[in-house]
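Structures are listed in the sections that come next.
Two complexes come next, and they have one chain in common, subunit A, joined by subunit B in the first and subunit C in the second.
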Partner chain A sequence: MLRYGLVRLGQGVATLAAIAVVTFALMHAVPGGPFEARGGDRASAGLVEAQRAYYGIDAPVPAQFGRWASHVVRGDLGPSFARPGRTVAAVIGDGLLPSTVVALYAFALAVGIGVPLGVVAAARAGGRGDAAILGVTTVLAAVPAFVIAFALLLVGAVWLGWFEVRLGRDVTDLALLAKALPPAVALAAPSTALLARLTRAAMIEALASDYVRTARAKGLGTGAVTLRHALRNALLPVVTVAGPLLATLVTGSIVVELIFGMPGVGAAFVAAILQRDYGVIMGVTLFYAATIVVANAVIDLIVPVLDPRIARP
Partner chain B sequence: MIQRFRRRRSAVAGVLVLLVLALAGAGAGVIAPYDPAQQFLHAPASAPTDATRDPLAQRDTGKFEAPTRAHPLGTDHLARDVFSRTLHGLRISMLTAVVTMIAVAVLGVGVGLLAASGPRWLDALLMRGTDVAFAFPDLLLAILLRAALGERTSILGARSLLGVEADAWLVFVAVSATAWPALARVTRVLLLSLREREFSLAATALGASRWRVALRHWLPNAVAPLLVQITFIAPRAIFAEATLSFIGVGIRPPTPSLGVLIADHFGFVMVQWTALAVPVALLAVIFLAFQLAADGLRVALDPRS
Partner chain C sequence: MSNRFRHGIALVLILGTLVLAGCQSPRDEAKVLRLNLGGEPQTLDPQRAADSTSISVLRSLYASLLRVGPDLSIQPDLAAEVPTVANGGISADGLTYTFRLRAGLTWSDGTPLHASAFVDGARRLFEPANANPYVDFYRVIAAQGANDRVAQALAEGRTGADLEALQRTAARDLEVSAPDDRTVVYRLSRRSPAFLSLVTLSPMYPVRADLIAQHGDRWTDAGRLVTNGPFTLATWDHGRQIVLARNARYHGGVVPLDGVRLDMIEDAAIALLAYQKGELDVVTLGPAELVQVRGTQSLRDQFQSYAQLSTQALYFNAADPLFRDARVRRALSLALDRPGYAEVLREGAVLPATAWLPPGMPGHDRAAGTDAAQPAVERAQALLRDAGHEGGRGVEVQLLVADASSARTTAQWLKEQWERALGVRVTLVVRERAAYFADRVGGKFQVLVGGWSADYADPENWLPQFRSGSALNPGRFSDAAYDRLIDQATVELDQSRRIATYQQAQRVLIEQAAIAPLAYGRRNILVQPWVRNLVTSPMESEVPGDLYLDRASIAQR
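This part shows the complex of A and B:
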């Protein structure tokens, strides 16, 4: 178990290192540096030169990578090119609260609604309730959060006036929990549908298995059989998709934050791309990748606990 | 197989919807009543007052016109015909799907084939390469790639290809480059699963070369499941294009795609919500239709289900 964990940790670090190299290479392949474009004709050659020297991008590329890597290891992720005096870690920190709230909210919605919905559908497999759940989840699973966010915006903000089109920058108060609901619902909808469908399929299989028949034969009630025997086994395939699901939550949050005007990490990332702030682009990419790698590692460590048969070196 | 597909009504409906949308997109130049860039400005009906500074009052100038017979979906913030722009946007979005599907199919199946039947070191190299691509969230990599590709004004020496500007082709490149590793993986696993089957062992025993076995025996047997995987690429490509364009690194205005239309109309949603609702609804319909068609294809091609 310990060895498995260490191997997994090593793989995670190697993946992050590969992503760091690829991201750095991509950002340094961009024709035209970060400062040439911004100043336009007004920027004198001397000014551009001074800025390049200040941020160290006149150095050879390997030296630049070394410098960036040392910033990454130290945890400040280097300076932002577009926001003077700020580090990338500080820029990410600014947007962390709204992003985390929306992401956790969405994750809770997806698991809290998706899994029970799948259990209910499986219990009525073939019936009318099952068909209804299957129909709704087919539609929601096919349509990305991006589209659902706009649909929600049109219905909730434009037609019914339940919330503002732009949720605004004021996100530090308790109202944040209410404000984060529309983006969280949009973000969670496809994942909820996917989880419901997966849980349903796994539950139908589990309910038809021998151990469930044995449990029933022992005289256990429907609730105990469904929750304690069938669901426990059905959850395993559901847990294994949590990783890819989280990746879609992370990338989905970029656009959803933009749509609802939330000042999160995703909004900072998009602003950085439009401003050619390569420091922030690289930092946020690494931050997102790290989130996904850590989550995947946690899932891989949970799975052998849930199913001892999978514990392998 | 075709009969099994036809018996699934949802799949047939999906294919029909896609056909209609593809035809509407392909015929955009003929069906659309106006040029997508043409502006229908006219003088305000009254002298400018405080009221005309209100965006709602600017309807007088030909912007944000409500739907009329001349403009079935009204006009946008630059007084252009929304209906014509939507049709042309549909064309670009559908083209994204087709181009990406072909590029990813060739690249993904090709690399998968090389990995499955080439030497061991090539397999290891190709699979480690896709490992890194896999660790990246698709959309994030597409955004970074598009940003890294920079600006281009010509493609293969021409300003535009298939009526699409050089810039838009870079979007196709970025989206394709992020989608192929998944297909290469699936192809490799599918082909390797056929390696120990009787027909490939028999072909090898009869003296067929490794490449002959791969091309003549493995590939034909993997076509059905691969076809399903390739179908699923199309909605992902349309989604990626729409997202990139919405963020501002995709297709560049004034060329309309569904993503550009959403980006254009999003800022004016309180003035004219229809212009935003139409491309959003079209995207939803396209995704659903592709899903239903691909699901139908999967069931029809898998005799066990």
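This part shows the complex of A and C:
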């Protein structure tokens, strides 16, 4: 177990390092730098050069990477170029809470609604309930999150006045957790549909399997058969995708954040790319990559619990 | 059993609906003006701020020695009077400016505001770490010659440790002083009649050096920032909202508003939605929103449209083999249907422009460039022929444009106009903002869609940038007659002669087609009926009325 943990940690660090190198190189290959973006038409070529020299971004890219990496391993993500006086850590820290709250909320919705829907559909496979669920999930899976977000905004905020057009930071206020519902719903919709369809397929397979027939033959009730025997086995593929799904929700909220005016990590990321705020681009990339690495590692630990045939790592 | 699942799902849905229905938009305080800032300001540090969003907020937080009135006149603010040669505020040689502060000035925390706060502010601007592009506006302030040497080094492209040392020397030796608590003295290295305008701008705001020393880079956080303007910073919810509260110690008397709420809604369509829901008191309309509002009867009486001191123009690269020839530049300018552009393409949101200095700006010249007021296609074709490009032969133009929907539309229109009227071939180079400016400052373009907006209402802010060797001359335009006129005007103390000289220079600029003016800017806004005294100005930054929010008030909503 310890060995496994060390190996996974090593793999994780190697993955992050590779992503960092590639991102750093690509970021510097894109034309235009932070001081052209910041100075706009008021900055002269000389002044832009002077500022690049002052902040050391006129050095060769490998040398810059070395300096950046040596600071990062010491926990220093450096200054933000686009927000003078603020650090990269502060800029990302501002967005962390709203993004995480909405992602977890969306994850809970996707699992809490998607899995039961899939079970219900499978239990009535071929029936009208199944057809209805299949129809709805097909639509939800096909419609991009931003369309759902705009629809929610138009109906909920503009027509019905249930919530403000701009949700903003209130999404982190626990008393107002309701406020996080619209962005979470928009974010969760495609994932809910995905989980429902995945669960349905796995359940139909499980319900048709020999051990379910055996269980039924033993005289067990429908509930026990569906829940204890079929669902447990059917959950395996669902749990396997749940890890990457959670990571996708954390990293995938960019569009939803922009539409609902949430100052999350995704919104900061987009701004940083446009402003060539190198430190923030690297910081958010590492955060996203780390989220995916950790989520996958956790799932690898959970899967053997559900299916002892899969070797415990 | 599936009943249990059904119940579970129903419960989740019902709970969701209940919590959704339970949240109503919070009731705002009655006297808080709710505006849209359009985005997160980069900083609220006046010496570091360079973007229009930050500057818009700073205007309500700080007061300077002088301020500009709605009629663009320079008025005293913290200074007791505007310095003149007659009242002794400006020395006879025009090099020393002395400001006498009003008595009893304080910061928002009650600390007396001394003249040294202006010295500290000016000095900080010149620190290389503050990386403010506006610093080059202020190189006219003497620093034992160091500022001239920095300007020289920047113009020659010399960077590195030497330049950095020189920049630090300029900051240290800056000739701004406070002989006593109520007197600020600025020494200039040459006569600069526009210096009074420079004093009104955010880089010259006073600062609290003690708080910067105490809090470091976090001194602008809400709860720490101490200001001297009509408002103070109450909260700063990064990426979402800034709330300003009335400064009870404001020297200009009691401010009618309790506060100002500045939302950061980037999308103009969403801002209009928020306005229509009553969540915003004022909203700026984008091109699409303008059309929508025109078609909505109920919004028409809330509509206001007013001029901004800004000009959209094409910049030609005079260092380019093709555009070195002024006839080619002129031809491209003359071929354009400017009224069609303003009225049809831009839906009347702008005015057609034939000159560089916009209406309302001292030196605006209605007669300048009028030969381009209507498309002069035959003359344009003749010019191209004279330049050896009969029927557009051999003319392949790359048009650089920043990636914004309105700029792209403009570029498409230009391409269509030029290809149809002149037979030239036009390729669009659409670049993201950062890359666009990299190409622009690097002179890597043939023609670009750009423009300028006034930092202060003086031709000095508009015309000297096209002088040969100017650091802000992306097209490398160079004309000996133009340079002479600019050099005369820059130091001319007689105002009418100065303006007349700038007007002559502008004629040269248009005739030589360093640029091709396209449109004068306007601002189109909606104002809720309960907003009173929203004093707009032709020199607004991001927020409508941002120069005079100390006067605005709100009647019963």
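Heads up, the rule we're going with is that the second predicted complex is superposed on the first by the 275 of 313 C-alpha atoms of A that agree within 3 Å, B and C clash if a C-alpha of one lies under 4 Å from a C-alpha of the other, contacts with A are read in each partner's own complex, and residues count from 1 in each chain.
Note that in this section contacts are C-beta pairs under 8 Å (C-beta built on N, C-alpha and C of every residue); 3 or more make two chains touch, one makes a residue touch a chain.
Predicted model, so just to flag it, every value in this text is computed and none were measured.
Undergrad: If subunit A is used to align the two complexes, do subunit B and subunit C fit next to each other or clash?
TA: Partners clash after overlay.
Undergrad: Which one hits more subunit A residues, subunit B or subunit C?
TA: C
Undergrad: Check whether A:T226 is in contact with subunit B, with subunit C, with both or with neither, and answer first, second, both or neither.
TA: second
Undergrad: Which holds for A:T285: it touches subunit B only (first), subunit C only (second), both, or neither?
TA: A:T285 sits against subunit B, while subunit C stays out of touch.
Undergrad: Does the superposition put A:F163 against subunit B (first), subunit C (second), both, or neither?
TA: second
Undergrad: Could you say whether A:A189 touches subunit B, subunit C, both of them, or neither, answering first, second, both or neither?
TA: neither
Undergrad: Does the superposition put A:A121 against subunit B (first), subunit C (second), both, or neither?
TA: neither
Undergrad: Does subunit B (first) or subunit C (second) touch A:A267, or do both, or does neither?
TA: Second partner only.
Undergrad: Answer with first, second, both or neither: which of subunit B and subunit C does A:V212 touch in the superposed model?
TA: neither
Undergrad: Taking the superposition on A as described, I'd like to know which of subunit B and subunit C A:V48 touches: first, second, both or neither.
TA: Second partner only, subunit C.
Undergrad: Would you check which partner chain A:L258 touches, where first means subunit B only, second means subunit C only, and both and neither mean what they say?
TA: It touches subunit B and subunit C both.
Undergrad: Hey, which part of subunit C ends up inside subunit B in the overlay, 242-250, 296-304, 314-322 or 512-520?
TA: 296-304
Undergrad: I'd like to check the shared interface: which positions of subunit A are touched by both subunit B and subunit C across the two complexes?
TA: Looking at subunit A, the two contact sets intersect at 30-32, 153, 157-158, 165, 258-259, 274.
Undergrad: Looking at the complex, which residues from subunit A come into contact with subunit B?
TA: Those in contact with subunit B are residues 15, 18-19, 22-23, 26-27, 29-32, 138-139, 141-144, 146-147, 150-151, 153-154, 157-159, 165, 247-248, 250-251, 254-255, 258-259, 270, 273-274, 281, 285, 288-289, 292-293.
Undergrad: Can you list the residues on subunit A that touch subunit C in the complex?
TA: 30-55, 58, 82-87, 91, 94-95, 112-113, 116-117, 119-120, 123-124, 153, 156-158, 161-166, 168-169, 176-179, 181-182, 185, 221-223, 226-227, 258-259, 261-264, 267-268, 271, 274-276
Undergrad: Which residues, counting only subunit B, touch subunit A once they are in their complex?
TA: 131-132, 135-140, 143-145, 147-148, 150-151, 235, 239, 242-243, 246-249, 262, 266, 269-270, 273, 276-277, 280, 283-284, 287-288, 290-292
Undergrad: Can you check the complex and tell me which residues of subunit C touch subunit A?
TA: Touching subunit A from subunit C are residues 1-2, 4-6, 8-9, 12, 16, 19-25, 40, 42-43, 45, 48, 50-51, 128-131, 133-136, 153-157, 159-160, 163-164, 167, 217-218, 220, 237-241, 263-267, 270, 273-274, 276-277, 279, 431-443, 450-452, 455, 471-472.
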